[in-house]
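Note sheet for the following structure.
Labels A, B, C and D are assigned to the chains in the order they are written; within every chain, residues are numbered from 1.
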Amino acid sequence: MIRFNSDYTEGAHPRILERLMETNLEQTSGYGMDPYCEKARGLIKEKCKNENLDVHFFVGGTQTNLTFISSALRPHQGIVSVDTGHINTHESGAIEATGHKVLAVKGVDGKITAEEVQRVYDEHYNDEVREHTVQPKMVYISNPTEIGTIYSKQELAEISEVSRKNNLILYMDGARLGYGLCAENNDLDLPTIAKLCDAFYIGGTKVGALFGEALVISKEALKEDFRYILKQKGGMLAKGRLLGLQFLTLFEKDLYFEISAHANNMARLIKEACIEKGYPFLTESTTNQQFPILPNKVLEKLKENFEYSFWQKIDEEHCAVRFCTSWATDINDANALVKAIKE
Amino acid sequence: MIRFNSDYTEGAHPRILERLMETNLEQTSGYGMDPYCEKARGLIKEKCKNENLDVHFFVGGTQTNLTFISSALRPHQGIVSVDTGHINTHESGAIEATGHKVLAVKGVDGKITAEEVQRVYDEHYNDEVREHTVQPKMVYISNPTEIGTIYSKQELAEISEVSRKNNLILYMDGARLGYGLCAENNDLDLPTIAKLCDAFYIGGTKVGALFGEALVISKEALKEDFRYILKQKGGMLAKGRLLGLQFLTLFEKDLYFEISAHANNMARLIKEACIEKGYPFLTESTTNQQFPILPNKVLEKLKENFEYSFWQKIDEEHCAVRFCTSWATDINDANALVKAIKE
Amino acid sequence: MIRFNSDYTEGAHPRILERLMETNLEQTSGYGMDPYCEKARGLIKEKCKNENLDVHFFVGGTQTNLTFISSALRPHQGIVSVDTGHINTHESGAIEATGHKVLAVKGVDGKITAEEVQRVYDEHYNDEVREHTVQPKMVYISNPTEIGTIYSKQELAEISEVSRKNNLILYMDGARLGYGLCAENNDLDLPTIAKLCDAFYIGGTKVGALFGEALVISKEALKEDFRYILKQKGGMLAKGRLLGLQFLTLFEKDLYFEISAHANNMARLIKEACIEKGYPFLTESTTNQQFPILPNKVLEKLKENFEYSFWQKIDEEHCAVRFCTSWATDINDANALVKAIKE
Amino acid sequence: MIRFNSDYTEGAHPRILERLMETNLEQTSGYGMDPYCEKARGLIKEKCKNENLDVHFFVGGTQTNLTFISSALRPHQGIVSVDTGHINTHESGAIEATGHKVLAVKGVDGKITAEEVQRVYDEHYNDEVREHTVQPKMVYISNPTEIGTIYSKQELAEISEVSRKNNLILYMDGARLGYGLCAENNDLDLPTIAKLCDAFYIGGTKVGALFGEALVISKEALKEDFRYILKQKGGMLAKGRLLGLQFLTLFEKDLYFEISAHANNMARLIKEACIEKGYPFLTESTTNQQFPILPNKVLEKLKENFEYSFWQKIDEEHCAVRFCTSWATDINDANALVKAIKE
C-alpha cells in the first residue's frame, strides 16, 4: 500500500535526524531558552525581514491555535473563520474549550473575503444586539486552506485592511505554509505575511519536521507574557532545543522551500493525470492536496494499492477524494498513482 | 410611547408583589432550602404529573442555560441548536465560555427536525473524523422558538425518539413556555414535555414574575450534584424564597396559564390587523411575538407612538419587525396599535 | 425559633417593596438601561465623589466576583486572597471555573497585609520560576472580612500602594460593606475606597435589599466591554430596573447607612452580653457578625430558641459560633438572645 | 560548565535515535493509531500485568496532567494535592485553566497521607458547607515527589484505600517514575501501582526519551472518550508513532530501569560526598534529585564549573540547592562534582 491519505505519514527529512544525532549529548537549558532555539528564532526573523517579531515554537498545530487564540482574546470575544476552517471542524472544540466562540461564515473556495469580514463585524457591532452577542475580535485564515487553495497578495491585503480598520486581529494558520508559498500561482512571501498578519505560524509537522510549528507574532500588544500561556496550555516542550534544531535545519539553506516545491510537483503529476482523464475537481488546488471527483469504480480499483482520504459524496456514482503528497513523496510512488489513474 | 418591543418591560403580576409583601419579614433559610421553594417544587412536579423530577430555581434564562449545559456535558461534547437559537446568538457566548461548542444547524420555521438531529449525529460519529470533532451530546430547542413558532407533540416526540436512540440529551428552553402552551394550535402540556425531554425550564421572567426560571430535570443521571454547579455559576439566590414564592403564586391557581392566554389574545389582535391590511409575516406565529413585514413608511408612522423591535430588512421598502405582547399588555394599548396599523 | 444564623433571612426593607409596588406597571427598557438604574448609578457616583466611575448592578455576590475577576484577568493570572476569603472557600470554585487560580495566603485577623502582598509578588516574579507559575495580578480583600473585622484607612492605603507599585489590581468584596462603614472603629468612607481600590462592590443582599450588589470600577482599563461579560456570565438581569430601584432607595436618604448602624448596634448588645459573661471571642469584630467561644452546654441551651452558625470546634467543651444581626433584626429578638446568654 | 540543574539537559538515549533513523521513511497512520504505538501499549500493559488498561501517549507532563484531570472531573470537583505538588506550583495554573481548583494541603516529606485525605474529605462533605465548597474528587500524588522522596507500598495502599472508600480518584504523576522504582528503598512496582491507582503516568522525558509520557488508566469509568480530550487539549501528536517507538525502545529490554538505576547511582555518589563532608539535607532523597544544604561559599565555588538549581534560603550563610542526575549523567562528570564538593 502506498499512502496518499495525509502529509504526515513519514518521519522527518534526513538532515533533521542527522542534526539530532550530532547534538544529542550536548547539555542545554530547557523550555526553548537554548542557543538552537535562539538561532532558529533569529533565522526566521531574518527570513521575514523584520527584527521586531516574537517567535515561539510548538509541537503541533491544534496546540498552537488554541494557545495563541486564548492568549489574544478576552472572554467575550470570538474568532471569525470559514466554516471549513480547521479550528471550526477538526480540533474537537479546542477553541471553545478555552472559552471562545468560532463565528463560522461561508467562504469562497475555502477562503474568507474582506466583504464577509466587514459583514460579520457590522452584524455584531450594532446597537440592537451588541453586548448580547459574541464580539468578533479575530479573523482566522489558513494558507493554504483546508481544501488546497491559496490567498493572493491582493486578497490578503484586503482582509488585512478590513481587519485593521475594525481593530480585528488577523491570524494565519500555516500548517502547510511551505506548500502555499511554493505554489505556482503564489505571490506571497514571508515578509509580506509578517506585515499583513498580526500573527501566523509556519508549519513544520507537515513540511519536513518530526513535529513543530513556529508561531510568529508581529503585533506588539499580543506579545506580552506569551510564554506563560505557552506553559499553561501544555505547549512548552521541556527539551525545547528539539524544535529549534528542526527549524534551524529547515531554514538554514531554504530546505523548507526546496522540499515544499517537490511536494507540489508530485501533486501536479496527479492533478494532470486527472485532467487528462477528464475528471473534474472539487477545488482548484495548486498545492500538495488534490481533490478530484472520481467514479466510484475507479476509486474501488485504486484502493487496492493506494490510500487516499474520502472527502465528500457527489452523487450515487462519484465521490470527491483527497490525495496528499509531501516532502517525502517518492516520484516512483507518484508515478504509480498517475499510471493507475490513467488506466 | 407604548412599548411592544419586548415582553419584560413591566414588573410582576400584582399577586406576586402582594405575596412578597405578606411574607417580607418572615425568617427562612437561604439558598432555596425554605418552605416556599419546597412547596413550589412540589407544585411544579404535580403539574408535570411526575414525583420523580428535580426542580431548581434560577433568576434568568442565560444563567439557566449555561448552568444546565455545563453541568450535563463533558469537555469534548457539544450542543446541537438551530442557528437562530438563543444560546447561539444572544447569550454573548455564554455556552462557549463554559467550554462547549454550539453546533448550529439550519432549522425549519425556527425549529430543529428529527432528521437534522440524525444527520448531525451521523456526520460526527463516523470513523473518519470521530475524535477530531466535537461530540454532539445534547439537543437544544426553544418552545416557543425565537421566532414565535411552537413544536407539535408529534414533532417533539420524533426529536425525543431520535435523541434517545443516539444517547443525546434533549433540553427545552422554555423562556416563553406559557405562551407556547396557551397557543391556539398547541397540543403539548407539562407532563408530556417532562416525559419527552430530559430537562426543560419554565420561564417566569417573561410570564408574570419579577424574575425567575424553574429548571425541571427528569433524567436521573443529570441530577447528581446539580446544586454545586448552581452555586458555582453564581445562580444560587441567597434569598431563594423569592423564587419559590413567585412560582408558587404563578402555579397555585394556574395564574401562569391565565396570563399567558391573555398575552396571546392581545397578539392575535395585532396579527389580525396586519392580515386585514394584507401584510405578510416573516413566520407563522401563534404566540405572543408577531413578526409582520411592513412598509417602511407605515413603520415610520407607528414609531411616533409605539416601540417595536427591528428584526430584518426585507427589501428597500419593507422590513420585518417584532411586536411583543405579555401578561401585562393593556387591551387599550393593543387596540391603539391595532387602530394605528389599520390606518 | 429566632434566627441569628445569617444576614439574609428576611426579605427587603419595606421602603424597597413600596417602591417596587409604585413603579410596577411602568414600562422601561431592560438590561439595566432604564432611568432608575441611570439615577442609581449617578447617586452612587455622587456618594463616591467621583463622576469618573462605572457602576454595574448584579443580583448576587458570587456572580459579581466571578464576573469581575474573569473580566479583568488574562488566562495565566491569579488572585491573591487570604485563605479564609469567600472566593477561596465558599464559592464552589467559581473563580477557578473561569480559569483563574486563587493564591491563598495566611492573613492576620482575616486581613491581608501589604507585606504579604509584596512577598507573594516577589515569590512569583523571580527569574527562576516566572512563567512556570501563575502570575499574581489581583489582590482580593473583603471589608468587613469573613470574620467580621475591618480594614483601617492606613491598612487599605498600604495595600493600595503596594498593589499599584507592582501593577496589581486591588478589588474589594463589599458584601457587607454597610456594616463595615458603620462600625464604631471605622475610618473609611466610599470616596476613599473608590480612590484606593481599582474596583469594589457595595453589597445590597445582606444590607436591606431583596437582592443586589453594585460593582464600582474606578480603573479605566477595567471598564472596557464590561457589559459583554456581565451578559455572558448570566448576570445581566432582564428587568434591570429592579436593581436600580433598590439601590436608589438605599442611597437616596442614606437608608443604607441608617440600617447598617442598626445591625451593628444589635450585634453590640450580643457582644457585650458575652463579654459580661467572660466569654472570649474568635475575632475582635465590631460589625454585624460576632464570633464568641461558648461552652457547649450553653450552646445546647441556646439552640432551643435561637439559630446560629457553628464555626469551629475549640476544644472538647467549647465551640466558636457565629451570631449575625442585620438591618431587619428586631430589638426584642436581640434582647431575648442577650437574656439567654446571660442566664 | 557541567549541568546538574535538571534532568532534561540532553537529548535521548542513543538507542531511541537509532530506532527513529531506522523507521524514518516508513509510512504509518497518524495520531497514535500505528503499529508501534500498538506494540508499545501492549508492552506497557504486559509490564503492568494487566490487559485491561488503557494507555495513551503524550509529549509532556503538564499536558498529561491537565488532560487527564479535565477529562475525569465535573466542573465543581477539585484535586487534593500537597502544596509542593507540581500542579499546584509549576504548571502556570494549567489545572485551574481547565476550571478545577487544586485543594492544597501540607504534606509530610512532600507526600500526602491517608489521614490528610480523609480530613479534607470530611471538611468539604459536611452539611454546613457542602455545595458551597469545591467537591474533592481526586487525589494527586507524585512519585517520586518534587523533593525526591518516594511512597512506600504501605503508604500507597493506605491512600488508595481511603480514596476508594470515599469515591475519590487516585492519580499518580510519574514524571520521574523510573528513578522512584529503582530507588534502593523502593518496594513498589508497575503492577502494584496499576492496581492501587486509578491512573498514573510513566515519565519518558526525564528518563531517556526525547519526550513522552505514557498515561495508564485502570479505572473503567475514566476511559470513555479519552481520545477526544487528548485531541482537544492539543496533546494528540500527528506523527504519534514517535511516541510509540520511544516507549517500545525503553521497555523492550527494560532499558528504562537500567538507565534509571544508573541515574540513582550517580546521585548516590553526590549524596555520599555531602554526607562525608557533614552537610545536612533538606529531604531524605534516594532518587536522582539531591537537596543538600551547603554553605554559600561552597556554592560560590561550585558555581564556577557546575550548574545546579537554587532551592531555598536556609539562613544567611546556607542554602538548599538541587543536584539532578539523569540517565545521561557521565560518571566522570559525577566524579568531578564529588571531588569539588569534598574539597
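Convention: a contact is a pair of C-beta atoms (placed from the backbone, for glycine too) under 8 Å apart; a residue touches a chain by one contact, two chains touch by 3 or more.
This one's a predicted model, so the numbers in the text were calculated from it and none came from an experiment.
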Exercise for review: Spell out the chains that contact subunit A while also contacting subunit B.
Suggested key: C, D
Review point. When the contacting C-beta pairs are counted for C-D and for B-D, which pair yields the higher total?
Key: C-D
Review point. Which chain's centre, taken as the mean of its Cα atoms, is farthest from the centre of subunit C?
Key: A
Check your understanding: Approximately how many whole Å separate the CA-defined centres of subunit B and subunit C?
Key -> 34
Point to revise | subunit B and subunit D, separation of their C-alpha mean positions in angstrom | key: 50
Review point. Using mean CA coordinates as chain centres, what's the subunit C-subunit D distance in Å?
Key: 42
Point to revise | Residues within subunit A bordering two or more other chains | key: 75-76, 91-93, 97-99, 131-132, 228-229, 231-232, 236
Check your understanding: subunit A touches which residues of subunit D in the complex?
Key -> 1-3, 6, 8-12, 14, 17, 20-21, 23-30, 59-64, 66-67, 91-94, 97, 205-206, 210-211, 228-229, 231-239, 242, 328
Exercise for review: Show which residues of subunit A lie in contact with subunit B when the two form their complex.
Suggested key: 75-76, 78, 89-93, 96-102, 104, 128-129, 131-134, 309-310
Review point. What residues of subunit B sit close enough to touch subunit D in their complex?
Key: 70-71, 74-76, 98-99, 131-132, 135, 225, 227-232
